[in-house]
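Chain nomenclature is as follows: A, B and C, assigned in order of appearance, with residue numbering initiated at 1 for each chain independently.
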Amino acid sequence: MTGKRKSIWVFGDYRNYYQNRVTLQLLSKAVDLSRLLDAEVCAVVVGHDLEEWIMEYTAHGADRILAVDHPSLTSYSTEHYLILMEKLVRERDPDILLIGATDFGREFAPRLAKRLHTGLSADCVGLDLTPDGLLVQIAPSFGGNMLAEIVTEKHRPQMATVRPGTFREIPHNNERTAVVERLPLPAQLPPARVRQIQYERAVQREHTIENANVIVCGGRGLGNKNNFRKLDDLAKLLGGDVGATRPVVYAGWAGHDVLIGQAGKHIKPKILFSFGISGAIQHTAGLGEADFIVAVNKNPQATMMRMADVAVVADAADWLNHLVKELRRRIRE
Amino acid sequence: MQFNPCMKHKLIRSQARAFAETELAPIAAEIDRQRIFPRDVIARMRGLNYFGLQVPKEYGGAALDSISAAIVVEELSRVCAAVGLCVTVHNGVAVYPLLQFAGKSQKEKYLPPLAAGEVIGAFSLTEANAGSDAGSVETTAVKRGAEYVLNGTKIFVTNGGVCDVALIFALTSSPENKLQSSVFIVESRFPGFLRGELEDLCGMRANPVSSLFLEDCRVPAENLLGKLGDGMKIGLATLDNGRIGVAAQALGIAQGAMEAAVKYAKERQQFKKPIASQQTIQNYIADMATEILAARLLLYRACELKDAGAPFGCEASMAKLYCSSVASRVTSLAVQIHGGYGYSKEYDVERYFRDAKVTEIYEGTSEIQRVVIARAILTTPIL
Amino acid sequence: MLNIVVCIKQVPMVTELPWNEKTGTLRRDLAAGMMNPACKHAVEAALRIKADGGAKITVVTMGPPAAEEVLREALAMGADRGILVCDRLLAGSDTYATSFVLGRAIGREVPGCDLILCGAYTSDSETAQVGPQLAEELDLPAVAYAERLEISGRTLRVRRLVDKFRETLEMEFPALVTVSMEQYKPRYASFAGLNRAFAEADILSVNLKRLDITPAELAAHGSRTKVRRVFIRKTQKENVLITGAAANAAAEFLDKYQRKISAVIGKSIEAKKQT
């Protein structure tokens, strides 16, 4: 072992920064880990016009920033980012490399880990250390119903993609300083084999259900399509989205785009209303991240009722009507 | 005899189950309540060979073995017995006799559209005065030139409201002027073919069971199935096969009811614990599971004999008798385990309970099955 | 004609997790197997390509002998050929080892493969890593989470939605794509197809020996990660029960949780105090 200080790297993923601050969350966890490991926290950022991110990462806990800034890196390219990251990791040999489990992170990290001949765990919902200082990567499976503790014993860096929202970011601190290394682009970056033809911000509507704060979800217990459609009223009042279970989608009460569960959308609302849903695992597998669940069902023993924070024993359609009426009254006031 | 399902049978089951749970489960209660025949689901089943389960490939069928065909009916009935009934009647007693007794040109004309499900089949023996006593059919067929003219009324015709082809049993005269029964392939578009109102039945309500009226119905002579006077022979052979189908249907209903009851028993809490922890409920579940497995083995045994070309009538009757009585007992226990909720239309077991009963009645009542079985046992020489 | 490989996986069909509380393990033996849903979408994507312009589809799976079932299912749906990569030494492989072995199997048994399709992720381990790592193993250009594929000549155009960006990407064959579950709703296998998948199926079973992977080589390319422990997530919920007439219960519910709801939705639903 050389006397070199260990290093924990966080990959700077800044696309959608204002909605998704996973990089800052990872910096915060890296700071925690660095205290226990006596390591340095290093943010690596690749792209163009990076000053904003260099300042952000500094203010949020990075001790060192490696920045590769070049106009040719303006848009995300898995291939180019791989070449650059592989080179940096090989030169500097970090102990841990954390990457946000964004769509890009989950496409990019596996190739990088393979290229570096090291291990990788996916979409972690927790990180910890063994007494010997190994990174314990807590990864979900079966729709978050099961968790596995994974370690990479021999190979370095220990790599994990981490689910956004898992850790809380450190408050912004303008006083902090970091060593910023601006690195040149290697001269021989080959043309990417995957060519970008079109690239545009998606219409907001397309993704809201995954990020919605409030979701009102209905199942077969609502009885019929008309009752199901009343969820729209509640969603409108609460500024939320409507979700549906598989039987409801197949009965034609709702489109496949709002299917919640194993075969559909995985959601993480702050409040989830669940009307007339028994709670088959195909559905509950998509609810792993719901903060506060209100379930309405005639059967108090239904799985959904048991996993709820508030379980309302009532006819789902009937209660929905009363809730909408009462909410309208209150909002009008 | 193989006691473990082979990979093929497992896959057939998982495909049929996925279809039933995805396409039928969401509508099963509603189509029962409203007596709706689910035409759009039926349309989706066509390309998947649900209507040509055992038809040879050259006629566009799936050429399945009999256990596979039974599994398909089981899985449909586990979710929606009325659609299971449509499929088993079409395959078991409309298509099957054509496969067995039709001439080449009849097969070429009727099997491809039947196997494709473009044409739905029915089997029409029962009349007001001819139920278990199949010999008392009163519908007549009189030859007039190149046609037979049929007159009479058929009742309780499964698929009657939607069938495009029905096999009609009618009395004909032999050359010696003796009355004998014969079977005719009658298309619904033939003049004089009329449908009655749908029957308002206890169960299987999504199946369009109806009467058929034949009023001077003109049928081309080439539509005689088999030979003149083959009615009894065709009828008995067809019923043997149909019993396998009804047994599969009963078994599927029993399976669905048991699964619902087990799920409910684990969820339902009384006296601060799941009712599944009560020994009485455990006894019910043990009996259900044991009888269902026994029924399934008996049914597959009959299927195996049929595919081996051996006589299978006695075993088919045994399977039908036992599976249907298991279905009645299991669905009744499933309602019992659900308590008051089980008696409500909010839970599926109420529908299973109503659907199960008729499996003890049609395709030969349980009493008739015992006659068939006893006759077979008593006429087999003791060696 | 295009030479397409679809990598598929058999996953446990879970309606209830068959969890053994005493040993803390999943009773996988109790669960029936099924084709991973996203893999099924990948098979469907391949079948649509085949219907449009012709293709030979080889489905490949790595797993225990019983995993042959998902190959048969894919053949019943319309794939042409199946390869089962099966060896006791492969049990417990992580994505690093799996992508190595799959890469070798495809290289050896499907030479001249133009396009590899994978499901975007599996419903059991959910890593979404095998596809990208297989691309790395075979040094192929790759795109994950594809919603739509279009082929013209040797060029593959892929549409996808990632991180709130709608992208259209192009690459030349050979290439790898992981298919999302947005489009390509899989067909049911017909019973005739199922019968054919048993009567006339072309299924090849290969072990490590056939792939010339020595134990030493497997060790060198073996799993990088180790699972220390698996456990069920326990949620600590208050589980408040509200009963009673719906009209009163709705008001009671809102009274109790109005602060919380108001904070989340950003507007007040708090009842005015009666004066």
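What we mean here is this: a residue touches a chain if its C-beta (ideal position, glycine included) is under 8 Å from a C-beta of that chain, and two chains touch if they have at least 3 such contacts.
Every value quoted in this text rests on a predicted model; they were computed, and no experiment measured them.
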For this session: Could you tell me which pair, A-C or A-B, is linked by more C-beta pairs in contact?
Result: A-C
Seminar exercise, completed: So the chain most remote from subunit B by C-alpha centre is A
Problem set entry | Centre distance in Å when subunit B and subunit C are each reduced to the mean of their C-alpha atoms | 38
For this session: Express in whole angstrom the distance between the two chain centres, defined as the mean CA positions of subunit A and subunit B.
Result: 52
Problem set entry | Inter-chain centre distance, subunit A versus subunit C - centres from mean C-alpha coordinates, in Å | 19
Seminar exercise, completed: Residues of subunit A that touch at least two other chains are 300
Problem set entry | Where subunit B touches two or more other chains, by residue | none
Seminar exercise, completed: subunit B contacts subunit A in the complex at 22-23, 25-27, 30, 267-269, 274, 341, 346
Problem set entry | Complex contacts: residues of subunit C adjacent to subunit A | 14-17, 19, 26, 37, 94-96, 99, 123-133, 135-137, 141-145, 157, 161-172, 181, 185, 223-233, 235, 237-243, 246-247, 249-251, 253-254, 257-258, 260-261, 264-267, 269-272
Problem set entry | Touching residues (chain side subunit A, partner subunit C) in the complex | 15-16, 19-20, 78-79, 102-104, 106-111, 113-115, 117-123, 136-137, 139-155, 193-202, 206-207, 213-214, 238-240, 256, 262-264, 270-271, 280-282, 285, 288, 292-294, 300, 306-315, 318-319, 321-323, 325-327, 330-331, 333
Exercise. What residues on subunit B touch subunit C, complex-wise?
Worked result: 7-8, 10-12, 14-15, 18-19, 47-50, 52-53, 57, 61-64, 68, 72
Exercise. In their shared complex, at which residues does subunit C touch subunit B?
Worked result: 32, 34, 66, 68-69, 72-73, 76, 188-192, 194-195, 197-198
